[in-house]
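Two complexes, one shared chain (subunit A), two partners (subunit B, subunit C).
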Partner chain A sequence: MRPLTEVETKTFFEKLAKYIGRNITHLIDRGDETYCFRLHRDRVYYVSESVMRKATSIGRDQLISLGICFGKFTKTGKFRMHVTCLDYIAQYAKHKVWIKPNGEMPFLYGNHVVKAHIGRVTEDTPEHQGVIIYSMTDIPLGFGVTARSTSDTRKMEPTAIVVFHQADIGEYLRQEDTLF
Partner chain B sequence: MDVSGVLEAHKQKFKSVSVEGKVIPVEYDLGLLAAYDQNPVDEAALKKNKDEYLQSLCRDNAQLLFNEIFQLQTISDDNGVMAMLPVPTTLLPREKPLPKPKPETRWEKFAKAKGIGKRKKDRMVYGDASGEYKPRWGYKAINDDGTKDWIIEVPAGSNPMEDQYEARRDAKKERIDKNEKRHRRNLDEAAVATKMDQKAVDKGDRPDMDNVRGMKRKELESQILISKGSTASAGKFDNAIKGDLKPKGIKRQFAPTVADFSKEKAGNMSILDRVVGKNGEDLVNVRKAIKATKSRR
Partner chain C sequence: MAGRPATKKGAAKSSPAVSSQKNNKRKVSASTEPLSKKAKVGAKIGNGKLNKVVPKSAEEDSEEDDESWAYGAVSDSDSDIEERDDEFVSAEEGSDIEVGALDDDFLGDEFAESDDEGKAPGTAMFGSDDDEGEDEGEEDEEDIFASNSEDSDDDDDMETKSRKLDAAAKLEAEEAEAELQTNIMLESDKYVLPEDNHEILQSTDLQVVQARIQEIVRVLNNFREMREGDRSRNDYIAQLLKDLCLYYGYNEYLMEKLFYIFPVSEAIEFFEANEVPRPVTIRTNTLKTRRRELAQALINRGVNLDPIGKWSKVGLQVFDSPVPIGATPEYLAGHYMLQAASSFLPVMALAPQEHERVLDMASAPGGKSTYIAALLKNTGMVFANDANKDRTKSLVANIHRLGVKNAVVCNYDGREFPGVIGGFDRVLLDAPCSGTGVISKDASVKTNKSEQDFQMLSQLQKELVLSAIDSVDAGSKTGGYIVYSTCSVTVDENEDVVNYALRKRPNVKLVSTGLDFGKEGFTRYREKVFHPSVSLTRRYYPHMHNMDGFYVAKFKKISNKIPKKMDDNVDLDEEEEFAPSANKAGKRTRGGKKTEEELEKVSFNADEDEELIRASQAKLLHTQKGIKLRPKKSEGTK
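After this line comes the complex of A and B, so read on.
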């Protein structure tokens, strides 16, 4: 367990900013308690200071997980976000997509979102923008990346892909052993 | 007709070419077209009107320089009249430090101690037998160390069946090898001596030959390490060799896990500023604004 280096922090923030933009500030600087990002076995954990201090007494081999896993660094040095961070990025999301009940299951099985399944979209979402995907009852289901801007979507066919799948809460079952 | 009045009027339009009031004479380096005025600056005049004073000072000094140039010897050709500039006298400081004296070879040291000087030898030597000039060494040299003799007497007490030509060739080769070895030793010692304390060298201390070997080893090791990192994967996927060198002293440094959190927070904030931009996203959503104005029309 160690703090992120400058390069790592930059890659991490660049990915995170695609979804929540400058709202990363609210993660770094919280009113209630000091939180920090820690790297452990290539994974980035968002953890409170008190928990982190306790975790220092656990050996590196014995420590499996701590705090909230935000994602992991791939071997090529890119950052991949995990669905476990959904609770945090859903709070500060800038662009949202709501999907109809008939589109929930396909998305939760890891498929992209097609136009027919879309219920509502944040106005003026640009192309290739990170978006949070909600059910119509405002439950966050995962996140993805828009294939087209909102205005371009109107002209598309109902079967065309509008949002590329990145992560969904179905992964809690599908990838439960590698997720945390 | 009297033109003195006209001339006088013409002269009045220009300032005098003679400059007075220089307490210390101005120094010139005409080779560089430079004049050095060492007279102190008139503080009062400078305070009163800076620009005017500086301009007049410049004008006077330039005038003096031109006066000096006009006194030089001139030549005239198609391009006009030209003054012959003397060689510059101003000395510029040397850019690089003086080169260090080369470490002496063993022979040079010995020759110095014995007072043996260098003698200039001619490249070509007259050969009595051939009756012509031949080079002292090299191709078609006069001194072939007897390897080219057409007949050789067998020395007394030696094996009559031994090839005397081969013996001479071997002896020559041995001498060359020996000299080569000494040359290499001189180079090694010189390499160490350049890194040795100058005082020790002046005292005449011999370079430590173990040190030579150690230095060579170190150099070789560093070269091996460089070559190891010169593959496509920067050495990452190379097959490990038993007893291979491990790079020393390259350690990654990470910030301590538990430290001053305010500092970490500030660091993160500054990175965030760089990633997102100081003011965050644009305050005005341009796309939205355009749409709004369009719909109003």
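After this line comes the complex of A and C, so read on.
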């Protein structure tokens, strides 16, 4: 467990900014408690400082997880967001997509979101923008990247993909072994 | 007839019991009936007294007698049940007529009869034999049916009179009863226990086995009266255990272990309950939603559910669901956790308060840990430990899914605490156990647990509970509690472990679990006697509470100081659990062999132990980082 290096921080924040933009500052400067990002076995954890301090007692091999895992660095040095961070990024998300009940299960099985399943979209979402996917009952289901801007999707046919799948909460079941 | 209302009342009172045992009575062979009648008549004549009114007690007793020979008759001729049934019908009809006729007779002189003690023997005989009726099993039944309809005619005056007479006739009746009993004993046949190597034993026909189980249970429930000759209780129990093993598929060791926890008929209920799955229950994750909202969302998906009971505000019981309950979007979003009702209990007993630091020593797959976090409302911190690295994956997944943000997951052997980190406000130890409470979930327990497994488990549990106790900071303002729980019902994994902890750590005491239901823990079990406060612990059984078999004990740590115990007797007692014949010299080597760190740490009774202890304490303190109570502890132990 160690703080992120300069390079790592940059890669990580760039990725994070795709979803929550400048709201990253809300993650770092919190009113209640000091929180920090820590790297442990290639994974980035977001955890309060008090918990982090206590967790230093745990040996490196025995420490499995602390706080919330945001994602991991791949071997090529890129950062990959995990669905586990959904709680936080849903809270600060700038662009959202709501999908209809009949589109929930296909998305939770790891499919892209097609236009027919879209219920609502945040206005002015640009192309290739990270978005959070919600069900119509406002349960965050995952996140993805838009294939077209909001205005462009209007002209598309119903079967066309609007949001590329990045992560969904179905991964808790599907990828339990590899996710953590 | 003054006696009549009273006796009727008695009959009415006992009627539920009688009707419940009707089946047994039906089997009474007609051939034995006249004999018993004769016997009773003989008894009364021999008594030389006029039993106009047979008191209730006598009636009831004689009823029992009847039943006892009823069983005898059944076992006597197993083959021709149908035949006997027929016979019985005819007997019934016969007695019906008889009773009716006699009733008419009585209408004439019932008052005279009741008031006059010195009546002619003939009439009195009739009166006692038929009007009061309950002397005999068959007519008893008839009389009840008749009297139930007539009850409304009862006169209060007559009742009081009859009560007086009841008292007056009590003595006579007792004598009569004594004779009755001896007479009946002569006539009755008991359930014949099959001999060893008898062909019945070889048969694997489950119906035969079940019938035999029922018979033996009945005999055991009223052993004095129904035993066969001089067969001992052990004979019956040995046969019963064999049959139960065969019928329910347990291995003999486990069967014996479980059997003695319960009274006989309850044990059967327990085994029966283990064959039935428990209801599916879910726990609302209060970090993300509320129970009402969750219930609504699930009902919209067609799930049929209900609150789990008054004792839990977050539990829901699922009756049936058209969708897999473990894969709904709500589940994936972490709005609920699939969790057995029983595993709510230890967390409710632990009752963590906000801003506390809590350790869950054996936490995978995280049902209880996430419940703790939910009660903490994501304040403070939860250390979720599990010794099995593979299982930590599901633990981490559940912690993230349920949105627990203050958890640290680690992979230590629980016994390494508090060496890793100590000073917790509360510790939950849901110890690894044999799983005898969850046989309905995992039936493999029935066969794959041997004596050795149980020994290893209780040894491990004892070590873990001491670690758990040592990991708690008694000085905590809000906490200082330890909850020990298992999903097992055996005594050596539960009360025995708790008792051990109380002896080894005099600085803890048992406190009420705060759970308002469940059975009290045993304070004594077979040859073992436990500390009286063990009754504060709680047991849960599948047949009683419709949840998995479970055990919860809650300790409060009073001080961080482990008082030295110089009492040799105590130490010897403790040692006996592991090695009955171990002397002091052998003890140290045994302890070393087993690497009982905890034992070594505490069981100092000789001077040379002192050095070892100091050394290990020093080592321990070295490994403890960031623990504030270090000076206190070292003071306490040195």
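In the analysis below, the second predicted complex is superposed on the first by the 179 of 180 C-alpha atoms of A that agree within 3 Å, B and C clash if a C-alpha of one lies under 4 Å from a C-alpha of the other, contacts with A are read in each partner's own complex, and residues count from 1 in each chain.
Here, a contact is a pair of C-beta atoms (placed from the backbone, for glycine too) under 8 Å apart; a residue touches a chain by one contact, two chains touch by 3 or more.
Quick caveat, the model's predicted, so the values are computed rather than measured.
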{"item": "Combined model on subunit A: subunit C and subunit B, fit or clash", "value": "fit"}
{"item": "Arrangement angle, subunit B at one end, subunit C at the other, subunit A at the vertex (C-alpha, nearest 10°)", "value": "130"}
{"item": "First, second, both or neither for A:Ile24, with subunit B first and subunit C second", "value": "first"}
{"item": "Contacts of A:Leu141 with subunit B and subunit C, given as first, second, both or neither", "value": "second"}
{"item": "First, second, both or neither for A:Val44, with subunit B first and subunit C second", "value": "neither"}
{"item": "First, second, both or neither for A:Ile64, with subunit B first and subunit C second", "value": "second"}
{"item": "First (subunit B), second (subunit C), both or neither touched by A:Val97", "value": "neither"}
{"item": "If touched residues of subunit A are counted for subunit B and for subunit C, the larger one", "value": "C"}
{"item": "Contacts of A:Arg53 with subunit B and subunit C, given as first, second, both or neither", "value": "both"}
{"item": "First, second, both or neither for A:Val114, with subunit B first and subunit C second", "value": "neither"}
{"item": "Partner chain in contact with A:Leu179 - subunit B first, subunit C second, else both or neither", "value": "second"}
{"item": "First, second, both or neither for A:Glu14, with subunit B first and subunit C second", "value": "first"}
{"item": "Shortest CA-CA distance between subunit B and subunit C [superposed frame, angstrom]", "value": "13"}
{"item": "Those residues of subunit A which subunit B touches in one complex and subunit C touches in the other", "value": "53, 56"}
{"item": "Residues of subunit B defined as touching subunit A within the complex", "value": "254-259, 261, 264-265, 267-269, 271-272, 274-276, 280-281, 285, 287-288, 291"}
{"item": "Touch list for subunit A against partner subunit B, complex", "value": "1-3, 5-6, 9-10, 13-14, 17, 21-22, 24-25, 28-29, 34, 36-38, 49, 52-53, 56, 123-124, 126"}
{"item": "Touching residues on subunit A, where the partner in the complex is subunit C", "value": "47-48, 50-51, 53-59, 61-69, 84, 87, 104-105, 108, 135, 137, 139-141, 169-170, 172-173, 176-177, 179-180"}
{"item": "Of subunit C, residues touching subunit A in the complex", "value": "297, 326-327, 329-330, 332-335, 357, 381, 383, 389, 392-397, 399-401, 403, 405-412, 420-421, 625-626"}
